[in-house]
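Per-chain numbering from 1; labels A, B and C assigned in written order.
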Amino acid sequence: MWRRLAALDRVPRQTIYLLMFLACGLPFFFDVRLPLYVWPETRAVFEVTDSTPPNKVVLICSNRVQGSQGENWPQYEALVSHLMLRGIKFVVIAVDSDPLAPQFSERVNERQAAKYGRKYGVDWVNLGMVRGAPLIMASIGRNIKAVFPRDYRGYSTNDAQKLPILKNITGAADFQILWAIEYQPSLDWMVWLDPAGRVPVAFGSAGIVTTSWYPYISSGQMKGMMAGIRGAAEYETLVRSKYGRAYDEEGLRGGRLLVPLAFGHLVIISFILLGNLGMIAKRRAAKEGRR
Amino acid sequence: MVWRRRFIAALTFLAGLYFLLEFILPPTVPGSTHRGVFLEQLPTVLALATADGERLEVEVGPGVELSMMVRDPTGKLQAKVQRTREVSVGETLSVRTRTFAFGSFRNGTFLDDKGGAVALRPGERVYSDDSGDRPADPAQLAPGTPLRVEARGARVVGIRWGSLTLLDGPAGEARSRRTVALAPNIAVLREKRKGTPDEIEPYEARVGDLLAVGHTTFLRDQRDTAAQFNSVLGTLALGMGLLSLGMVNGRKLRKRGEDRWVAVAFFVAVVLGVVAGVYKYYDPNTSERSFSDAIVFKLIGPVGSTIFSLLAFYLASASYRAFRIRSAEAGLMMATALIVMLGQTPFGMYLTGWLGEQLKALWLPNIAGWVLRVPNSAVVRGLIFGTMLGGIGTALRYWLNLEKGSAMGGGD
Amino acid sequence: MSWSEYWSSSWAVWLGAFCVLAIYSYLFRDNPVYRLMMQIFIGINVGYAVVVQWKDILYPLWWLPMMDGIDALLGRGQGSPYGALWVLVGVLGLLWYFQLSRRYLWLSRVVIGITVGIGAGFTFKSLFGQNIPQVVDSFRPLGPSAIAVQPRRLFALPQSVVPPLLDEPLLVLAGEREAVAVETLEGREVWRCPLPSRPSGRVREQGAFVEIPCGTETVRIDRRTGSRLPAGAPIPPYAAGQVGAEAGWHLGEGRDRLVKAGVAAPDGREATVVFSVVDGRLAASRWDASTGGGFWSTDPGVPARELFDGGRFVLAADGRSVAVVDASLGVVTARFETAETPAWLTVARMADPVHDQATVLAISADGTIEAFCATDHKVSRQPAGRLLWKAEAGRPLAWGGTAGGVLFAVGPDGGSSYELPNVPKALGASDYWDNWVFVVTLVSVMTYFFFSFRREPPVVTGVRRLGRWLLMLGFGAFFGNTVMSRMSFLLDRLMFLVDDWIKPFFHQIFG
């Protein structure tokens, strides 16, 4: 028996690839949703975002580009759908990103705005991209309109008729929370945006870098985060459980991507276990053979 | 060559010195800085020669904005707000003297939204956000439109500097009042309960503010220039990648092997990339821009993320082959990895959810969360401290040129 | 959709799908199509990056300022001649390319040296800013503390026999014989103004003036200079117990009515709202009666004999019983009993805006300050109404107000300012266990990294071994998250293939 099991020690890589492909690809053809346990890191930032008063805005630095969209797109879409649903005002910027980032953000903004009948300039504004982190982060905290004299569409940020959302917005004191959504957001946000630390910072980042954010969450420098696709799916769950039917989930990606993710994890876990079984079997078989 | 090495070492030291001094030194010159409670101020007055040849005196106060045409980060000439202390005689400025909301326009006079007449002095004109370089046309303004009264292109012919009166002792005594004269490059800083003081314009001070008034060290003023220098210098190396890849592919071309066509494809692609880059700056809805967008969104994007996604397959086969429990430590590592992987998917709840609320702590997502939040967090913090001390050490070694690496010329 | 329409809208999807599959073909075995795709990808990226970096960075940040500077040197244009110095930066930048020359390689070290120097300079600042809080958070309580949290006393304040005016940066107090203004950062005196008689009502703000009712007369003082203005000027309506809409909270004469401007009403808009007690119920209605209507009415659960300003909250009190009511929703968030009868109630405005830090401060006439949770504090796990701390001022107090996390408490014998502590976290046994694990892990990992002795004591060897074990645990967690991330890239591509390519294509074929 050991000898037969020992074959598990050298499964050809093509087999593994094929199984991965099937495990991750097939769930897309079925509309499966799995229940989800919500982690406190996601819940904390959801609650701060959800309790934005009418005189404050949510500041989102979205540096999402095609390269990182596997995780950042679901996160950004989940966040924006929540803000649009609730009518929470938000300002989107991009710092030191690919010049295409504002364009990516605006596609999502417009799709979600259409669902809930929100208006550009009243409910949200996209200010485009600037360079010069970390110094520019401090300037944004002092006076965001000086950093962005015009928005992405060319309106003056001081024009209260076109952009009423910015009328009473100046700097850090007017931001409810900063969301930095990127493959690996810069830790400098915690230090530079508001040196007094009054603006809670939340990251939406790739799962791979979330491991290193936990110490910053426990020290309070970061309020919480969305961890990869899981974080996006949890955020959607939180919005759904609080607002129920009013929440239109058409086009949201988090919950949908979570299912194939789970199956993909299962393939990797199984192969790790099988590989070890194969190794043990091979040793036993060698021992038996020597006897 | 000793002198070469010393020369490079000196340059390295100087390059880092600015950032270190900017971090350590206060924003105003210590010793000559006055600190106290703000009581009153005498405003600074600018004498201007306007573009029409008129003379205009402007008292710098709330509502007044001095701006200079400078290049913005996209290269466009744009008005940039100047601090009063940065203004010097002989400069050309745009001076906004006040703002109001449009009400109506009668007999050649603007009325604000409360019906008050806005009297214009010689050299002043009214502009709106949309009017650009031309004065606003009253016929096209909607009531409530924000308007600005400005003297554009005015040359500063004289400055009468104001002063601030600070209190640095008991309120009743005359000698605790101190008047500090303003002058070029005298910065006014307002102290806060937490964090570093903010620089403000003298007229923004409120009675009771704690101020520090003194000559600026210029270090903070030059932060933007320093950042610009840094990014320009780094970017000037942009041709290096192209040159070295070109050399590699050029060699392939000359060899006439099977790879020849791949090398040809490389050069064609470079040309295509350059064209896409140039067309990127065309207006949307032009065919050039659509071509560039197609290359970026439909070709580079999908290919780039697909190449990244190959890693998922490599990771699967690598973890199958390498993740073998050959020691207890490897076992611990594998157990943690499995818990974290399962705990972050819905399967975690399926496997352990039946334990019920009472044993909630044993749910896989909670175990995974605990591992990440407590021991992992401490490990990462250990790594952070390690990198911090190591980073400072390495930074010091490079900065003071104690490092003997080949790139720094230590080896020769 | 006809096939020609399909192709004209879907060619890009087919191109994308072809690229994806061409690259995945490498998983089966290395092949020329894959190599070709790779070279095309690298080539386009390099060509594109050169143009974009020139257009986005070098042209605006280097070329234009340099040309402006040269023009200014030649007497044309109005830029700064110093811009011409950017020529030197260009020369420095050219030195990069000496990396390709063996003979002049050393020249490229000049520019590398400068870049490294700048990087080192940046490192100092970033590392300090990011990591000081990390060091602070590493000192964790390993057991219940014997010392309770207490507010920290900052500086002394002069006496005030009536509620003073707190309007940062000034605090204007009215004593028996004179009014004193102090600034709120260090408590330095700004001005003094003698009063004709003992003040009889609270200090009020009226634009550039401060008003203090003294018996029959109202004293008006210029808040900038402290000089008294002549009597006889008309008194604005609110001074007779009415409202000043811009000034925020005011207390009506009977203390059974509060008016606040800028309250977020339940409909989300800001309004001026009157809170009053009607038949034992606390009711909120629009100040401007013409637009009509009450917002809410609620039973506070205690007889509301007195109402106090609590920012987002209204505080109703009867003796030692206090109810905290959310001002915009009318929900009672907490109810509690104070140890001493409060003379004044206020809600602390903390430096941290996250509202779950809201704390009610009860100030009693004998100088006791008590702090209670205004709502459930989720972060610190303290329930609404729990007593957080209690402090003794050591002298009678009559009023308290907060700004930026600092409490100003005064009475007829003077007062003090206090830095308010953050709401302490309620720790249970599992928290202490977590803290032990955390600290032991941190210490052993750092021992593993930093210390090695020639003749190692066995304890150190043990700790270092533990450190290595725990490091493995950390690497395991890293690995788990890496899998999640890498998988996401693949899923994004598969979602593209299925949703954008296969499904619409099948739909086109089968309708």
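Observations on the model:
Here is the rule we use: a contact is a pair of C-beta atoms (placed from the backbone, for glycine too) under 8 Å apart; a residue touches a chain by one contact, two chains touch by 3 or more.
All figures in this text were calculated on a predicted structure; none of them were measured in a lab.
Chains that touch both chain A and chain C are the following: B.
The interface with the greater number of C-beta contacts, when B-C is set against A-B, is B-C.
Averaging C-alpha coordinates per chain places the centre of chain B 20 Å away from that of chain C.
Centroids of chain A and chain B (each the mean of its C-alpha atoms) stand 23 Å apart. For chain A, the set of residues touching two or more other chains reads 17, 20, 69-70, 99, 131, 196-197, 207, 211, 215, 218, 227-228, 230, 261, 264-265, 268. Counting only residues that touch two or more partner chains, chain B has 72-73, 192, 194, 228, 231, 280, 296, 300, 302, 304-305, 308-309, 312-313, 315, 319, 334, 337-338, 341, 344, 372-373, 376-378, 380-381, 383-384.
Along chain C, residues 27, 52, 56-57, 134, 351, 474, 477, 481-484, 486-487, 489-490, 492 each make contact with two or more other chains. Per the touch definition, chain A reaches chain C in the complex via residues 14, 17, 20-21, 24-25, 28-29, 44, 47-48, 51, 53-55, 69-71, 73, 87, 99, 131, 134, 176, 187-188, 190-192, 196-198, 200, 206-211, 215-216, 218-221, 223, 227-230, 253, 256-257, 260-261, 264-265, 268. Contact residues on chain A toward chain B in their complex (touch as defined above): 11, 13, 16-17, 20, 34-37, 39-40, 66-67, 69-70, 99-100, 130-132, 135, 142, 146, 149, 156, 158-161, 195-197, 207, 211-212, 214-215, 217-218, 227-228, 230, 258-259, 261-262, 264-269, 271-272, 274-276, 279.
On the side of chain B, the complex with chain A involves touching residues 72-73, 78, 81, 129-130, 142, 144-146, 192, 194-196, 198, 223-224, 227-228, 231, 280, 296-297, 300-302, 304-305, 308-309, 312-313, 315-317, 319-321, 323-325, 334, 337-338, 341-342, 344-349, 363, 365-366, 369, 372-373, 376-378, 380-381, 383-384.
Those residues of chain C lying in contact with chain A across their complex are 27-28, 52, 56-57, 126, 129-130, 133-134, 136-137, 264, 268-270, 351-355, 378-379, 474, 477-478, 481-492, 494-495, 497-499.
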